[in-house]
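Each structure below appears as structure tokens.
Heads up, the next two complexes both have chain A, just with different partners, chain B and then chain C.
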Partner chain A sequence: MSKRSLWRDPLIWLSALFVFFLVGMSLLRPVFAWAFPTIQPPIYGGDSFLMLWLFHAGLVIVSSLAAAIVGVGAAIVATRKAGEEFRPLLEALATIGQTFPPAAVLAISVPAFGYGAVPTFMALFLYGILPVLKNSLAGIAGVPEAVRDAGTGMGLTPWQILRDIELPLAAPTILAGIRISVIVNIGTAAIGSTVGAITLGTPIIGGLVSDKISYVIQGAIVIGLFAILTDMLFERLDQRLRQFAARA
Partner chain B sequence: MIELQHVGKSYGDKTIIADLSFTVERGAFCAVIGPSGSGKSTSLRLINRLIDLTSGTIRVGGEDIMSLPPEQLRRRIGYAIQSVGLFPHWTIEDNIATVPRLLKWSEAKVKQRVEELFALLQLDPATTRLKYPHQLSGGQQQRIGVARALAADPDILLMDEPFGALDPLTRQSLRTELARIHKATGKTILLVTHDIDEALELGDVIAILRDGKLVQFGTPADILAKPANDFVRDFMGGASLGLKLLSLGHVRDHLRPDAAEGIAVPADAPLTEALSQMVLRRTDRLPVKDTNGKPAGSIFLSDLVG
Partner chain C sequence: MRLVPRNSVAFVLGLVVIAACAFGSFLTEAPNRLTSGYPLSLGEAADKPLLMVLVSCGVALLAGSFAPATKRNALALLAIAMTALLYLFFTAGRIATTIMASAPPATRVSFGWAFWTSGACLAILIFLALQKRETWMRLVIVAVVAVALTLMARAGQFDGLSLMREYAARQGDFAVELTRHCLLVLISVGIALALGVPLGIYVARTQGAGKVIFGTLNLLQTVPSIALFGLLIAPLSALGLGGIGMVPAVIALVLYALLPIVRNTQTGIIGVDRFLIDAAAGMGMNSRQIFWRVELPLGMPVFVAGLRIVIVQTIGLAVVAALIGAGGLGSFVFEGIGEYAIDLVLLGAIPAILLALTADFLLALTASLLERKRTA
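Up next, the complex of A and B:
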């Protein structure tokens, strides 16, 4: 990429904007004071937005990572000969599971895990498994039978078939599942503040409760940018991956 | 050498292969033909243990196939299939190098072998080496599939309708090429096909299967001249059996020194081509040219049946 086009890259601009909102929200005090003269102070005054974002991102990263490992792992097991019988069950589970709204999953996890970050983590983790599982199953099943047959016929071991053939060919589909999981989790983590987790949703919930609409706007801007940026990064990763894989 | 002794395969009480025995000598080209569901593909897949035997024994190069781990056995046997199954995310070079790398050859040796194979299959390494399978035509992909099967220089090559999905022209050119490769390398080849002409052209011996049983095993000339039963006669061509038999002979073996008028037929053409030309030109004799295009004599209609 040349220098010129680098500056035209929306990812760079959005990242800069995002960092500005994270660390420089207080610079916007006059703007919010002018727009919402009745709200004092006009800028959310709890934890800094940087701090909130770190908590929020940490929660999303850990839960999505765990969900990705479990989701891909379960799909691998279900597509082996030994795990064949679990496959219809897992497929049904993944499909039915996704019809639950994430907020409902959060509500269910409170009585089970109490208040704070733990029920939020559990909700994000459990809900995050579903798209990964579903896409991994589809991705591995989508590997042409002829390719698998030729591989086996040439003497690749089952492990080599999985590592060198199935996973690379399924990678773009699996990544798409992880992408959905992460983006949904970024949004759901915000609702985690209703059950006591510290996230970028905290100013939103606080603002709604105390009728301070500027806090809601500030939180929403940061979460929105965070989600858009993450999605763009996945888009880049997907393009990279497609250059190397999935030439079928 | 490939030996099948009383080989059987069944799923539950459904028998796919029943008591199949035949031997393909070292360096021979055996074509396995039969109608759909005759068990010809199954018999092939039993040899490299993609399917497990129910009964009987199979020996490859004198060794019982059950005495080796399946992966090790398969790396010693070339395998090419109709759907090719090239790895779409690997370059042509890497696809060809699959088995040599599984066998942990040195990278220098792998490179050298890939080059040899490009030469053997008359492919241009400069334009193909770093391409991906989807960038090649069906015929080229199939050629790479054959190269990949030959990569680790196996003594035995198993081919399951390798040219089945190609257009007639490409198919014919690959057939000719396979015959040339067989001659050049001396591999023992077992080819499954449902195309009788392909079997007749390529096979030193032909195994005819029906309902999982061997109906006849012999040279193409034997089978055409003495079909074991009505099924073989009909399957091999029925009324055109004589023409099939004629196609096995070559003009060069029926030459006369006499001269004849008209456009010459090549000496290495099959006799059917000579007959076809005679019918077209309404004549009972044709001039013959050798491979250099020089006059080599003539062929008479009466020689075709002699």
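Up next, the complex of A and C:
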């Protein structure tokens, strides 16, 4: 990549913008004070946006990671000979589960897990499994039987076939599932602040409740950029993976 | 009979149902609607005859999982799972009515985790059994379960349960918010169709137009709903449209709905075999006739698949719209969360889930009918 196109890369300047909003929101005080003269203070005064983002990102990373491990693991089991009877069950769970509204899943995890970060984490984890599971099942099952047979013919053990053939070939599909799971979780984690989790949704909910629109806008900008940047990173990762697969 | 179950899925789900019902908290009893209750197991709370029916259902389910996988056995398993599911609801209602008859009126009897778990397992079993059946049968079975539950509710069977008492207290509001929720979805999807279908046709017909349009729509889809709702408030209130309420909600829902509609319209049209279009042109059809008689009917299944995604997605996002004052079922959810009233939360969340599942089921049915018509 040449020096010029590096600066044209939207990932770079969007990241810079994001970092600016995270640490430099207070520099925008005059702007918000001018636009919303009645709101005091003009900038959200609770936890700093950097802190809120760390909480938010931590919640998303841990829950999505756990969901990815469980989702891929279940898909691997269901595509083995011993577990293949359970494949329709898992497919049905992934399909039906994804019709559930994420906000409703968050809501029904309150009676089960109480208030705070725990129900939010559980909702993100459980909901996050579904797209990973669905895509991993499709990805692994989609590996042509002939390729698997070739592996067996070369004397590979079932474990080697899984590690060297099935998982690499299914990797782009699995990654697409993880991407959906992470993006949905970023949004649901924001709504999690209604049940008491501290996330970037906290200024939005607080602003809506106390009618302080500037807080809503500040929170919304940071969450929006966070989601878009994460999606772009996954796009890059996907390209890398495909290049790698094409070379191999 | 072999010692290994032939239907492991039915065996495992059956075991979960039995274990949950035997040891778990089937219902909970609380002194009022804001406190959490103490657990009641099925064994200590249910009448003996009802318990016998449920135990027989469990045993039959397990026994059925050892039977050979013939069509008749599968149907029998389906019938057992349906009976068990309906009895589960009936028993829960019966226990609640019995408790409420002698308890102070503020007492609340709610569903416990064992009820949810076994209900979900039975519903999944029914779903899996129906997957292999004809379309008409799926419709009949789902209708039978829905009608049976509605009749029980009408007869007052569930009146003792906390959820129904919450509903009774908010009956008027519930009708208003449910209507509002559906209205939000219908208006948004309607506008999105009016914009998205022509856009999809345009993208399918124009080389290179897709990149910019899909790039923009993808970006919008990535922004979390709560952020998009929030970002629309300021410009709309500056325009004097009111930042809070239906308007920003509908705009956001339309923006989210556009991507699947445009994408599936485009895929539907592009997916039509080039050869068929040439054949139609050879028969003397003009481009308008080709669109209405060839591309539209052949692209329909893909389009309906897109519509299914859009409607389910919009029903879910409309829940969040309550946060910016657009109303809908989400208003019960967030009001309930705010005042620690779990049953009020469920009064919003459960109908929202049922609405999404119903829409998904009906559109899947439409899709499979279209598919059949096409292959016939």
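Assume the second predicted complex is superposed on the first by the 245 of 248 C-alpha atoms of A that agree within 3 Å, B and C clash if a C-alpha of one lies under 4 Å from a C-alpha of the other, contacts with A are read in each partner's own complex, and residues count from 1 in each chain.
The definition used in the following text is that a contact is a pair of C-beta atoms (placed from the backbone, for glycine too) under 8 Å apart; a residue touches a chain by one contact, two chains touch by 3 or more.
Everything numeric in this text was worked out from a predicted model, so none of it was measured.
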First, second, both or neither for A:149, with chain B first and chain C second: first
Partner chain(s) touched by A:210 [first = chain B, second = chain C, both, neither]: neither
Contacts of A:168 with chain B and chain C, given as first, second, both or neither: first
Contacts of A:107 with chain B and chain C, given as first, second, both or neither: second
First (chain B), second (chain C), both or neither touched by A:239: neither
Touched partner set for A:157, first chain B, second chain C, both or neither: first
Comparing the two partners chain B and chain C, which touches a greater set of residues in chain A: C
Chain A-touching residues of chain C, taken from the complex the two chains share: 7-9, 12-13, 113, 124, 127-128, 131, 218-219, 222-231, 233-234, 237, 243, 312, 315-317, 319-320, 323-324, 330, 333-334, 336-337, 340, 342, 345-346, 348-350, 352-353, 356-357, 360
Chain B contact footprint on chain A (complex, rising order): 144, 146-157, 160, 164-165, 168-169, 244-248
Interface residues, chain B side, partner chain A - complex: 48, 50, 70-75, 79, 81, 83-89, 98-99, 102, 132-134, 145, 148-149, 158
Footprint of chain C on chain A - complex, ascending: 35, 85-86, 88-89, 92-93, 96, 99-104, 107-108, 110-112, 115, 183, 186-187, 190-191, 194-195, 201, 204-205, 207-208, 213, 216-217, 219-221, 223-224, 227-228, 231
